[in-house]
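Naming follows writing order (A, B, C and D), and every chain is counted from residue 1.
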Amino acid sequence: MSSTYGDKIKISIFGESHGNGIGVVIDGLPAGEKIDMDKVLVQMARRAPGKDKTATPRKESDLPRMLSGMLGDTLTGAPLCAIIENTNTRSGDYGNLLSCPRPGHSDYAAFVKYNGANDIRGGGHFSGRLTAPIVFAGAICRQLLEKKGIKIAAHINSIGLVSDEPFNPVSIDGELIERLNNSPFALIDNSVEEKMRNEVEEARMSLDSVGGTIECAVTGIEAGIGEPMFDGVEGVIAKAVFGVPAIKGIEFGRGFELSKMRGSQSNDPFRYENGRVVTETNNCGGILGGITNGMPVIFRAVVKPTPSISQKQKTVDLQKKENAELEIHGRHDPCIVPRAVPVIEAVTAVAIANLM
Amino acid sequence: MSSTYGDKIKISIFGESHGNGIGVVIDGLPAGEKIDMDKVLVQMARRAPGKDKTATPRKESDLPRMLSGMLGDTLTGAPLCAIIENTNTRSGDYGNLLSCPRPGHSDYAAFVKYNGANDIRGGGHFSGRLTAPIVFAGAICRQLLEKKGIKIAAHINSIGLVSDEPFNPVSIDGELIERLNNSPFALIDNSVEEKMRNEVEEARMSLDSVGGTIECAVTGIEAGIGEPMFDGVEGVIAKAVFGVPAIKGIEFGRGFELSKMRGSQSNDPFRYENGRVVTETNNCGGILGGITNGMPVIFRAVVKPTPSISQKQKTVDLQKKENAELEIHGRHDPCIVPRAVPVIEAVTAVAIANLM
Amino acid sequence: MSSTYGDKIKISIFGESHGNGIGVVIDGLPAGEKIDMDKVLVQMARRAPGKDKTATPRKESDLPRMLSGMLGDTLTGAPLCAIIENTNTRSGDYGNLLSCPRPGHSDYAAFVKYNGANDIRGGGHFSGRLTAPIVFAGAICRQLLEKKGIKIAAHINSIGLVSDEPFNPVSIDGELIERLNNSPFALIDNSVEEKMRNEVEEARMSLDSVGGTIECAVTGIEAGIGEPMFDGVEGVIAKAVFGVPAIKGIEFGRGFELSKMRGSQSNDPFRYENGRVVTETNNCGGILGGITNGMPVIFRAVVKPTPSISQKQKTVDLQKKENAELEIHGRHDPCIVPRAVPVIEAVTAVAIANLM
Amino acid sequence: MSSTYGDKIKISIFGESHGNGIGVVIDGLPAGEKIDMDKVLVQMARRAPGKDKTATPRKESDLPRMLSGMLGDTLTGAPLCAIIENTNTRSGDYGNLLSCPRPGHSDYAAFVKYNGANDIRGGGHFSGRLTAPIVFAGAICRQLLEKKGIKIAAHINSIGLVSDEPFNPVSIDGELIERLNNSPFALIDNSVEEKMRNEVEEARMSLDSVGGTIECAVTGIEAGIGEPMFDGVEGVIAKAVFGVPAIKGIEFGRGFELSKMRGSQSNDPFRYENGRVVTETNNCGGILGGITNGMPVIFRAVVKPTPSISQKQKTVDLQKKENAELEIHGRHDPCIVPRAVPVIEAVTAVAIANLM
């Protein structure tokens, strides 16, 4: 089953890049809660393309239209459906024959899976455009979480070789979260922005692209959330995060560094602080045995370089069944990391909402 | 819902370390397939403790007893239940009051989640012993996969600062897989074994423990397997792998290294080879858009250092509600990475079986 | 979780009677299959109101608009979303305060469940109008089933005290199925139509409504479909059928009559017929142990009388917290049985598609 | 997927009649709740065979052994596994070749489904013996429900042509429930017992069997439980009830009688009673729009006559591929209705627990 996530708050994403529209059905939302739609649009604007040179210049309106599930600004408890029309549809023109799959894209894998019947125009159902309804769903979920004191923030942890400062894993400031949540280029240390933009610009100038990492934190989540084994917090978040295109890895707390540590270094000592059990360090990323321990949940995800690059690349011609070369035309994001930040926050919000 | 995985072949793990028994129900197995139970026992022996100095000296018999689902050596199609008796049970003696949670363990998180009612003896349901039925289930699944030409092998990628050679990502030899599948200390380059064992021994001598990484490969899997978005191969495998205790991160293909690469480096060029589409490199780990591309699926997972160490550690006393110190007695694995290798193979087998 | 059905072909119904639109997302459809949209519209027309005196005179266009999942007339394999706009929306006018719940309707139960936040206009998410996307989804599924030789037909088994002839349970003619599938007032014995219409007219004239039963058959389904216990064919179909408003009972084969029979009467004897195992009678409705036996699957469902009647009724005033009387204005279907026939066929198609 | 039910409290039934054992894993039980195991055994005894002439004389011990999920008498929150050993196993003797399927049994349907690999001894996974772990699971769930004031009782509504008095649908006495819950031959009007037993005895004397109906009520369930459409209370209960062997129909409230009623008769008028909204009648069986309305939930299920009868029956020989005759030897229940009563209560308890 594709494109569905969650069992308490279930989201079903639909749409193809050049079809009539994309959208999401969100099932399981609590009746009577008020939603601030302006705040939802802020999140969608953070993901939308065309704001600066790191992103593709194509403009989209991307305004979601609510079909159901809300009355005024209040959730009715019925499934909420929001759609975004695709205004670039050219009906009747189905140039849908895949010749040369783009390296690093889903083209070839999807061609085999769907026997060539999938809509390949603009990447079809695999298009990054499908992250717009994800951000919408996440923006709804995070408003519900905020009423319980749970906040989610992510920042650009690195682009290429340039790194931001990491979160303080034992204490994350509410103001910082607020600032990151409203930033289109979310950084803890804003002084690295110029270097990062240069890294992206350099990639662009060489007709190339560049990857990066995103760090995400969840604060205010109480201890005792999650299930043992296969529904542990790590697995639940990972399944959501790997639903975002271009993500190829995830690590919690100190993550892969833990492999080089001793237990005496990695174990987080407990202590009482104002009558509450806390840990002095947070190497486990707020999760022990798959269950939250009351500290911030922290993870990092890696975003691979945008596969669409303007350089000539080696591929195959599936119709002629021979090797071929490919040049991808048009203008593409040389780096999707900044726009992926609100998407990671969104899937995290959906995941956490399903754990509550 | 805890301890359940899969929707095509569903496994339900049950048991607590000091209860009457542990086991698994496997639902959805195909009727009529023959299972070689000797091969199953080989996998369980690889995971079992007590074989050498890297592992805890406690002996367990761990022989699974089949209650249902097989007639002779043949699957009947009904749910298969296998149980392993716990021979160390002392009935009537429920010293179940948690005072001082062990740092790095699930003790505190579980205490909050279960309001103190969970069985804490030996870690209860969170015990590493619960990986025995996982290995059993995986051993069944991998036999089914092998009939389709799919093989799964993992090795100790690193322990502390000592690393094994990685898999050749575009071509993995059947003999190597066979050798790894039968090794209790699985390495591609056996010459590093001594150095790794020294790393573990050093940790033990300093009353400490050490972490590591495991690399796992799936070969023979055809292109077109997996679903877009949230049921992509990465997410499906990640959810299974994070079900294994002590795993804190996972990366596919080049994983976190991709963040420092350019698209021109990370994109895997396609070419025809003997009439079949292959990629020249395999930086994507055999997965594009969440769907297999016909190359080996490759990932690495990080195992945190065993949290049970003999050094004195800082913790809290939950009954007295004050800070405390803790010394964990008994002998513990200073490194669980070697024994985790067959567990990672097992959950991968269950995950892949659910994708077919 | 509400309004979702299936795990192989999953449908998610959304919408409220007076919201912006209603629709369905269908996930898991096979890529490359062609869909005849005219045939889909035929089924939707059978359900649509306003065709004759048995139905409400309100006209709806109810033309579904495809947002995704099809390219031309071919399924792409991505989730298919179809929406139907509600043209009667008056935005800004949210007269949503429930005073007097209508007897027999969901009003009171929903008021409690949703704390008064659900959209009550026209019944909201509980409106019979939501069966339009169900019929759409079923019409897609039945085309897929027909390619495998599986056909589904239902007829008005009874309205009030007037009964149609039942299906011949061991042999159902293809021409009969074709005729029923295209009829807005589906009867095996058309000579009872006038009596049935009189029964409805009589109810209408006395400001009342009347119930009935629907019989449904699935032919061409091979033996061996279904699962033991909770995913048996009876349970899978029942869960789908009870998703239709106003259904209060279901029985398979001889159903409740079996309670009065002896085993020697109810057991269906096996015999070979043209090299194929058949049963001489079909008292079990084609299902043994939850699994098909190759004979037609046959069941009956009961439709309660439309609860909206024009007579004065006793109810409560939830705002004033006192007993009250209620007169429902407007014109309502005195009998929804004829329009429910294609809905029953539709949910059966979705159920059977999920069993294959 | 077979033999699994529920998503909040999930039960997985396993076992085959002549395998090593049968049992159930129950996942999702709340930690810290105490269970009275004596009360569980009372329910299991009601289902157990051999108590009187209506049942098969074979004796089973059927004592469940807890492997996990309880510490003393308290739920630990981990999956609970209970097993019942099969003491009649003859290992090594796999006379598993199906020649002549028994009419009315799952034999033929299962033979096709499992390609002849299923364990046919004693009916294998389809044996009525598998209802023992169902009753166990239900007995756990009903104790949890009772703490919330919810009670479940069923009685023999009819056997053959002899009927018991029905429940008073608007008010069911706690003492009656208590009495039914402890009765092996549960009747509201005990004066019909003799006539019913005669009906059964008559069937037995003619080497035949007889069916019946069971009526079940749930009291103390508050309004607002259930979901619209496919997770309505009717569908959720129906899926559980059809998981019980031999059930062929279910109806809620007045059920099939509603087809002959007018809306003015079937609509249940609301009124205030002691400040609480009630209905004067309960024709809807306590469910409106799939959601409880605060009145007792009431349904009836039909149990087909036991298919195992001693008369000579017509069948086929699947090995010789020709028509054949069959005489079933051994002694069988001529009527399973009395023993099915606690099974229906049990699945209802599991269903209701999943709705809360």
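To be clear about the criterion, contacts are C-beta pairs under 8 Å (C-beta built on N, C-alpha and C of every residue); 3 or more make two chains touch, one makes a residue touch a chain.
What you see is a predicted model, and the numbers here were worked out from it, not measured in a lab.
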Same-interface partner of C-D, chosen from the options B-C, A-B or A-C, over half of the pairs matching: A-B
A-D compared against B-D, more contacting pairs: B-D
Inter-chain centre distance, chain A versus chain D - centres from mean C-alpha coordinates, in Å: 46
Gap in Å, rounded to a whole number, between the CA centres of chain B and chain A: 27
Gap in Å, rounded to a whole number, between the CA centres of chain D and chain B: 39
For chain D, residues that touch 2 or more chains besides their own: 1-4, 7, 13, 78, 113, 125, 228
Parts of chain B lying in touch with chain A, wherever the complex brings them together: 1-5, 13, 101, 103-110, 112-113, 125-126, 130, 158-161, 203, 206, 208-213, 222-232, 234-236, 238-243, 245, 247-256, 258-272, 275, 277, 279-280, 283-285, 287-294, 302-309, 311, 313-316, 318, 321-323
Residues of chain B touching chain D in the complex: 1-4, 7-8, 10, 12-16, 19-23, 25, 27-28, 31-32, 65-69, 71-72, 74-81, 83, 94, 96, 113-119, 124-125
Interface residues, chain C side, partner chain B - complex: 7, 78, 228
